[in-house]
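Presented sequentially are two complexes of subunit A, the first with subunit B as partner and the second with subunit C.
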Partner chain A sequence: MQKIIKSIIILLFFFILGIFFLSLNRSSNYDTEYLVGNKIEKIKLVSFEDNKIYSEQDFKKTKYSLINFWASWCAPCKVEHPYLMELSKERNIQIFGVNFKDKKTNASKFLKVLGDPYDYLAQDINGKESVNFGIYGIPESILVNDELEIVKKFIGPIDKQDLLNIKKIIN
Partner chain B sequence: MLSNTGNLLLSISILCSFIVVYQSLICLKTPNNSIFKSIYQTSLLQSTVILICFFTLVAAFLVSDFSVMNVYQNSHSLKPVFYKISGTWGNHEGSLLLWVIILTIFSFLFLIQNKNHPKNYRIYTLIIQNILILGFLFFIFFNSNPFSSISPIPKEGLGLNPILQDPALAIHPPLLYIGFVGSSIYFSAAMASIITDYSGKFFAQSIKSWVLISWSFQTLGILVGSIWAYYELGWGGFWFWDPVENASLLPWFAMTALLHSLLVLEKRNTLYFWSVILCLLTFTLSVMGTFLVRSGILNSVHTFANDPTRGLYILIFLSLMIFTSVYLLFVKFKQTNDQIYPNSKETFILINNWFMMFYLITVLLGTLYPIFTDAISNNKISVGPPFYNSVIIPIVIVFLIFMAIGPKAKWIKNKFSNLKNLFLIFCGAIAINFLIIYFFKSYSLISNLIIVSSLFLIISTFLDLFKKPKFNLSRIISHLSFGLLIFFIGLNHNFSVEKDFNIKLGETKKIDSYKFFLQDLKLEQKTNYKAVIGKLQISDLITKEKKTLNPEIRIYDNPQTLTYEASIKSNFFRDYYLTMSNIDRSDYYNIKFQKKPFMIWIWISVVMLSFGGFLSFMRYAKNN
Partner chain C sequence: MKIKIFLIIFFLSLNSSLYAEKSLDENKIHKNLRCLVCQGQSIADSNSDFAITLKMVVKDLIDKGKTEDEIYKFLSDKYGDWILYNPKFNLGNFVLWSLPYAVFILGGIIIVFLLRKKSKKT
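After this line comes the complex of A and B, so read on.
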């Protein structure tokens, strides 16, 4: 009995120290880059306008979709907005906006003033749906193909370089 | 110049450690029971050299000698003198030097303070302590050298992280280090005790004052860190169950358990192996905490830079410590036949130890679990307050009750003669709880139980003061203040008020029974930062109380950082806590206002708790 206990204690220490060793070379910053290549299994988003539900089918209409998480209170979202406007002119992509923890009136005003780049707009009032996409701050965008596979993730506002990259991928 | 001096002194320290170990090994072979005079001398030299080495680094910070890399990276010529000095240990390299100072001085003091204990036990303690010192000196010298030079010499330094430029944080590391680095001495002593078979109550006597002093400092260190978080991090909490805070709490649990188990060992000569395990565990947890925060595995203000080689070194060191101590324990462990009567003081102290182990395991799991899931499944999760609160709080209730009854029990065999008194006290606690509900407001069942059980502990401990013929004052102070701590945390938690709103200059806002008026905004230039200082008037419409608070938005120059300074007005009944932040492209300022009752009593309780430890230390030092 004593032997078993001793072995368990030794194994436990080996396990803990081993994990510590593995963790040494990992970045402790929260990073969702690893999601690239994964497939989004189920989508259920409530439309911004009415209570219509968007699902996987809505993403299969074009070759690519960019899911963009934004809010009217988010300053960097304003910075990326012109690039989204430019991207909305492209044919091979549809932009799917998810309005994150926002007031409806403020969001509508935002789009009225700065333009509406979104082909579809959904709302996520308490931010729960966005978390399921691996979002932890906004703005963030996910580029998916019609198989709902994540092609690329953009953490932070989309800039000129990102826009060029997206264009390259979709064309 | 200072860089060379520092490196020379570090080398001498390493040499001294080798000499101490060598002389000690020779001394072990001599038959007489006295320790060579030269060992004392070398140990004294070693302590002196490491102190001078530390002051050399302080000097480099004071004169802003940017040829020293560490000074360049962590200081700036315009920094106030006080923060130049505290900057010495406000970084990874400098703080490691502080580690070694405490290791060395404790080693020397243990050597000269325990003359009535056997030679071999003292010598082995010295050898093991010096191996630890060598481990850290090598680490400093080859990996984290605070005296590394830089060429060409920069004209100006990079500055110290502004949120670390704070009086509380200047004293936080030294206090905490005396606590958890101090525990190294009973780690070494415990190893020496197993090797030399020096067990029982004499072993307990040799380490008790060291446990008491490190426990008291650890308590103060945690408190100061917590006070800093309260006014610096700007959301009014004082404990966040952040992995880094947990890292300081883990050795504290082990120390507290040890403190109590030593009582049994000293009085009844039992629980020897358990006490040894706790000695080993305390320092191991301290090193583990250091590993977690220094390796960059956990992110916090303590993560000075992400350097896996550092982590690897500490990890190897930690592994060696663990496996050597586990090996020694396995080899020397003997099943003892400790006779403990279920109704006795010993049992109650053991119960304390179980509780401490429960808290320790809970916090350890909560801290390590995210690291494990990340390493094994790539899944990043974080364990937050809900976990700790729901696991720990219900258990605290039972713990407080045992804490009240335990000290009244007698050694060996006990018979409760005062059950009636205890029952009356319990009823009194319930009555006070109802009074609180009657005058203020009701709160959840768990909160009720917390308040009742803490009051039960407070009253019953307080009544012990009137017990004749003698009472243990330090125990009463510590237990009483722990009761008060939980009681005030309970009240604070239940009766805090929080308001969050936007306001612009000259505007008045009325929210519930409070009126807020943003009277003025001033821009001030300070030595190393600019500050936007708000003048916000708060009127409590019910009590007609009026207060002006001055929250600040600070823009630090080096490195350029924005921080929000809370404005806090404290009195004995409540704290007004207010932070202000600017909103991008708008004239509005976001205000977070909190009224937190009895905040100051939480701090006072912890100071008293630690004072109990100091008192016990002084009494014990005087008697022995």
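After this line comes the complex of A and C, so read on.
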């Protein structure tokens, strides 16, 4: 019996040591990788131009949609903008812009100067609707299929590599 | 007249107690939600943009009549279990939840064994 107790204590010691080892080597940053495959539901976004409401049906018109959260006050949004412009030339995808906590005049000016890559443009004045998409900062983009399942999430500005990845997925 | 006064006081106290309960719940929920853009803070402790937005969403969900568990489910569906300070029991965290109990039981067994051994010797 004493031997069993000793082996249990040793096993327990190594088990706890293993847990510490795994936990300390794991990134403590928020990771959205496991949200891939989740379905976005109950979409209710107000159009930037008028009071039209965009719903799930608007995301089913093409095989893929990229939902991009941006604002004119967000510097990294300017960095990703040329890549969105390039992506807007693709046929298999529609880009759905959500203007996040922004002033309408500033947002319009931003698009006038840098170009408008969006097939649809919505506004989220107080940021509450973005919570439904799991957004916690901008720029953030979500690639969804026509079933509204998350294919990929992009935290931060879209770069050249992301653009290539998106093109690879949609073509 | 006495009945009228009693009814007024009753409804006023009922209203204030309901309000207190609601605000208490709201604060409890805030304390269990991690501020994803902060360093180890709940949204109750943070005034970041994200925390403020999340507080508004929690308030809306409470006003819609959602329960505490429904609010946690809604937010963990959107942000994953990482947003909860007190994640729900599931298969993924089974070991984490059951380990303290297992150690407690094992400790008890060891103590009983040692005590028996000691009593046998004496």
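In this text, the second predicted complex is superposed on the first by the 144 of 171 C-alpha atoms of A that agree within 3 Å, B and C clash if a C-alpha of one lies under 4 Å from a C-alpha of the other, contacts with A are read in each partner's own complex, and residues count from 1 in each chain.
The criterion applied here is as follows: contacts are C-beta pairs under 8 Å (C-beta built on N, C-alpha and C of every residue); 3 or more make two chains touch, one makes a residue touch a chain.
From a predicted model like this one, the values you see are computed outputs, not experimental measurements.
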item: Partner chain in contact with A:35 - subunit B first, subunit C second, else both or neither; value: second
item: First (subunit B), second (subunit C), both or neither touched by A:161; value: neither
item: Partner chain(s) touched by A:131 [first = subunit B, second = subunit C, both, neither]; value: second
item: First, second, both or neither for A:57, with subunit B first and subunit C second; value: neither
item: Partner chain in contact with A:105 - subunit B first, subunit C second, else both or neither; value: neither
item: Subunit A residues contacted in one complex by subunit B, in the other by subunit C; value: 30-31, 34
item: Complex contact set, residues of subunit B against subunit A; value: 291, 295-299, 303, 306, 308, 311-312, 315, 318-319, 322-323, 326, 330, 368, 371-372, 374-376, 378, 380, 584-585
item: Residues of subunit A that touch subunit C when the two form their complex; value: 1, 5, 8, 12, 30-32, 34-35, 38, 101, 126-128, 130-134, 136-137
item: Residues of subunit A touching subunit B in the complex; value: 6, 9-10, 13, 16-17, 19-31, 34, 75
item: Subunit C residues touching subunit A - in the complex, by the definition given at the top; value: 36-37, 49-50, 53-54, 56-57, 60, 75, 77-80, 82, 103, 106, 110, 113
